[in-house]
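Questions regarding the structure given below will be posed in turn.
Note that the chains take the letters A, B, C and D in the order they are written out, and that residue 1 is the start of every chain.
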Amino acid sequence: MINIGVIGAGRIGQLHIDNLVTMPTIKVKAVADVYIDNVREWVEQRNIQYITNEPMDIINNPEIDAVLICSPTTTHSELIKAAARAKKHIFCEKPISFSTDTTREALEVVKEEGVMLQVGFNRRFDTNFRTIQNQVANGAIGSTHTLRITSRDPQPPPIDYIKTSGGLFIDMMIHDFDMARYVMQSNVVEVHAKGAVLIDEKIGEVGDIDTAIVLLTFANGSIGTIENSRKAIYGYDQRLEVFGDKGALVTENNRPSNVTYFSEDGVITDKPYHFFLERYTQAYISEIEQFVAAIVNGTEVVCSGNDGLQAELIAEAAKKSMEIGQPVRIASLLEV
Amino acid sequence: MINIGVIGAGRIGQLHIDNLVTMPTIKVKAVADVYIDNVREWVEQRNIQYITNEPMDIINNPEIDAVLICSPTTTHSELIKAAARAKKHIFCEKPISFSTDTTREALEVVKEEGVMLQVGFNRRFDTNFRTIQNQVANGAIGSTHTLRITSRDPQPPPIDYIKTSGGLFIDMMIHDFDMARYVMQSNVVEVHAKGAVLIDEKIGEVGDIDTAIVLLTFANGSIGTIENSRKAIYGYDQRLEVFGDKGALVTENNRPSNVTYFSEDGVITDKPYHFFLERYTQAYISEIEQFVAAIVNGTEVVCSGNDGLQAELIAEAAKKSMEIGQPVRIASLLEV
Amino acid sequence: MINIGVIGAGRIGQLHIDNLVTMPTIKVKAVADVYIDNVREWVEQRNIQYITNEPMDIINNPEIDAVLICSPTTTHSELIKAAARAKKHIFCEKPISFSTDTTREALEVVKEEGVMLQVGFNRRFDTNFRTIQNQVANGAIGSTHTLRITSRDPQPPPIDYIKTSGGLFIDMMIHDFDMARYVMQSNVVEVHAKGAVLIDEKIGEVGDIDTAIVLLTFANGSIGTIENSRKAIYGYDQRLEVFGDKGALVTENNRPSNVTYFSEDGVITDKPYHFFLERYTQAYISEIEQFVAAIVNGTEVVCSGNDGLQAELIAEAAKKSMEIGQPVRIASLLEV
Amino acid sequence: MINIGVIGAGRIGQLHIDNLVTMPTIKVKAVADVYIDNVREWVEQRNIQYITNEPMDIINNPEIDAVLICSPTTTHSELIKAAARAKKHIFCEKPISFSTDTTREALEVVKEEGVMLQVGFNRRFDTNFRTIQNQVANGAIGSTHTLRITSRDPQPPPIDYIKTSGGLFIDMMIHDFDMARYVMQSNVVEVHAKGAVLIDEKIGEVGDIDTAIVLLTFANGSIGTIENSRKAIYGYDQRLEVFGDKGALVTENNRPSNVTYFSEDGVITDKPYHFFLERYTQAYISEIEQFVAAIVNGTEVVCSGNDGLQAELIAEAAKKSMEIGQPVRIASLLEV
């Protein structure tokens, strides 16, 4: 039985808690949230022993084996360092921080203390993407040549969220940067990003973009693209294609049902799932199950701190590329 | 260069003529139609040498190598006999006649005269169905167990047509009876037919049905079903599935384009082609090309007079089965 | 909190228990199995309070609110009667019995005692089939004309199971008989069944069939077919199509992933899920959730004792039809 | 009746001739080829009146209404100018030339002489792409945001061809540059091209690439990508997706049949058509039909000389971008 403390009981924290309570070998022992009074009733209904507004109560609690960090991004690095020093294993939502220097610092402490850290790139645990990754790793398509990721949200978040989000590349496309490395099994060496404000002018007014295409060059010589849009009217669009000298692997969207309606107006099938809660229901369960399995078995996590850092580096390069209108090499970010 | 005479210049006759004029090795030398004045202008535009209201003018014309019989069903058998006696090769639209005795008589003459006869079961020449037939013949699914044919028209023909059509089984489902034998490579031994009037009461008033399911037993032990409807609001529905101990083969409808529209209201693709002219455009061309190839090379036709007869026998059994509400064995129709 | 006792801890009983232990508002209080020693360890690992080899221990236990009957079919009717008399709500696996008379007797007691009875037709709770049923009920296809159900298992059960199974119609196709009534919202009035032994001669030697097609006539005038095979080499094949005057609804198989592999040998996608455990994972959860919801809210169950009886009547008619080689009217089974 | 002369009877010239001879309102009056003896027999079989090794024989022939220029790219511009001065309408294969200056010169003469010029971008006449273009133009997806074109050949051309091809951008991707403008109804303003040699080192040795992704910015603010590969092991891959604020339109590959094979090894469908001859059979027919229709009716051609020039400008920008490793604006190519 693994005892878990959850820090941050907002939307994503609640999602994890509701998954954890159905797992027979895991116990949610404690929940902390700065605004705990807003969620106290919700937490109490789940029979959780310790409820607090102070994350350090969880980190200092000797009964706790591992923490889930689901608080705002700006708090992640300090909580990781504190948890690591308290010898807790750590699951942290993405991104680790808004600055690759800050992230590196946190990873240093994790390394020193020898605890496990898994970053919340939930899409690695989705059946479709995992199947593709396995097939590529097994040589089904031979050497990889090109990659294409399409990732569109059903609607933009509120402007207030966007203001503090760090921008589309670090907030949204970071999932795709990680997916690109995961599927291609190769680091990104160069990034050329093109962004546009096509959906909502207010997004541009706060300095962000709502539509972007990024052209990636991988260390293994492959090239690829990622496309993001903040608003697809037909739902959450999550697709990937990888092409190599022995073939191609393509994954389409999942849908609520596979019913086809032959009508006078056309042949109609379901739209994709509306958003990530419906689309990645099972992936969110699997990522925690595998995190716990890694702790119990002492095996490596599927998605490490370095994976988190690499995705942040690509996001940083993308941001810079868009600003200067030219390709940016990842290596140039590492030089001082 | 094969010289062809076409008897009957109605809808299907015109379709064949328009295909024939694009084939470099075939010449449409003569066209006959009882109501030739109605179509004279249409025929003249195609630079056809002999235009007549008398089919025997074509049959007696020594320049003609082969005739296409596209006149009403009631005229087929006499024209076949006359053409055979004049040593013309014959392509005849389905069915050969409304009576299996009449059909047998005509086939007898064809045999005696040693001319070729191909029956117009155009669907045998469709890429999808031919691919399935080839795959079954090549053993892709091992021994066949079950067959399913779905065949729905976009709308019923006029009541006046239905009155003289011979009924749904001989007029419409006869295509599917032939397809069943073609794909299964086995004769039908028993038929149980269930019919209903669900679309238009007027169809029932003239003694016909508009919806039917027929349960077939094949000589090789397989079983199967054919479903027909006179009206599918979404277009011409032409599908087939065959299942065996090594797998299944399924063919879906062809559509005008393969574009998918992801909209707020669902994911929409094209309806099937509207009707047989669009759906079987290429099959109509191929059936004539292969008829001519059989003449030129002296090879067997894909769809023989006996194939025509067998389909008519199944239709007769289906009609009787529906009337008595019990299964009917084909053998029982052959006993005197 | 609803306290549940499970009678029968074989494959299906264990499936239900594993689902129940993840549901926060349900407690599995007791498990009974005649061969309890074979499964005692498995049950104990799930922290279940009462473990017994005597079903009546559960039925007589006042702490129990509802029982799940997952024991062999021959025991169902007596257990239903006993549980009903003890005022327990009942979930019973299909079929209720091998004899419609026995089933009727059990239903009589259930009615007298006023308890709830839900029959385990799990497919009603599958998203695809439920979506189709809802769409039909909402008039999406207007009046129904025809129905087609395809249902194939990946492999036959052991011969010893088949001997006591009651035969394909009551053991396997009964799910489809229920589905037919569920989707068409109409009773079946006539059945014509055709069976064959095409997969394994041993199945024929014990008096059963392995392949069957049944032609159904519904009270509302619609017609339809059900096809069953005991062995589809490509996995569990579960499809349905319903056609009406305003269109058609079709559901295809679910698959482990939606990845497409474009290879030199063709374009390859996943086979359907292997069997019912994978295919109906969520449906098994939903059926229990809705059973409990019906108890808590006093609403009607989705799948009643009468639904179980009706499916058994159709199975009985199918068996008789196959034996006599003629259609059988359901009404004829009700006359004495 | 339009009399046509064809200049160049290589692969593409023969394709056009075989299409032309089936069209009732068109006559192929003359064929010229520098190496006419190699193809004389082939041409004679088609009953063509004038056969010559001198293109000017056709251009000077007063019986000819229009010429098809299917000779090597280096000859196009001079032939266009000569034909225009002889008042012939012109259909010219793509590209018009390897230099935008040369192309502009030829277009100048066409304009002065007032003849029609259609460039052979056959894909505009494909049903799938035309349907998408129409839907975009009709506002089905609202304002366009992003475009994606995937275009892969089944195998690279011979190295000797590649040496004189002008490179992947002008030889192969030029089709996609035209398609991008056609679908988006907007000019390209900036290009960033990334190329790689991943298939065959020999291609790199002669100074070309075999894999490329180009990032495009359109005048209307949309962005998009084109991906090309010289070798897809599964066949000719021709897909397109356009996304806007009201939805997305996607077209998949066409295949020889729509048969699905459910086997023990997976669910297998046909690979895409092997190459352009099979894939664009109907598009090649339509482009000539519409060229002739434009002549007869005096309407505009679907694909003008300026369309040819614009595609060449994008190709030039792509080539330069790849060389300098930075985005290139189209406007910068127009400055002197």
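Structural remarks
Definition applied: a residue touches a chain if its C-beta (ideal position, glycine included) is under 8 Å from a C-beta of that chain, and two chains touch if they have at least 3 such contacts.
Since we're looking at a predicted model, the values are computed, not measured.
Taken together, chain B and chain D share the touching chains A, C. Using CA-based centroids throughout, the chain positioned farthest away from chain D is C.
Remark: chain C and chain D have CA centroids separated by 58 Å (rounded to whole angstrom).
Centre to centre, using the average C-alpha position, chain A and chain C are separated by 40 Å.
Computed from the mean C-alpha positions, the centre of chain B lies at a distance of 42 Å from the centre of chain C. In chain C, the residues that touch at least two other chains are 232-234, 237, 246-248, 261-264.
Within the complex formed with chain D, the chain A residues making contact are 143, 145-146, 148, 150, 152, 192, 194, 196, 198-199, 211, 213, 215, 217, 221-225, 227, 229, 231-234, 237, 243, 245-248, 325-327. Taken together, the chain A residues at the contact with chain C in this complex read 21-22, 24, 127-128, 131-132, 135, 140, 246-254, 256-264. In the complex of the two chains, the chain C residues touching chain D come out as 232-234, 237, 255, 261-271.
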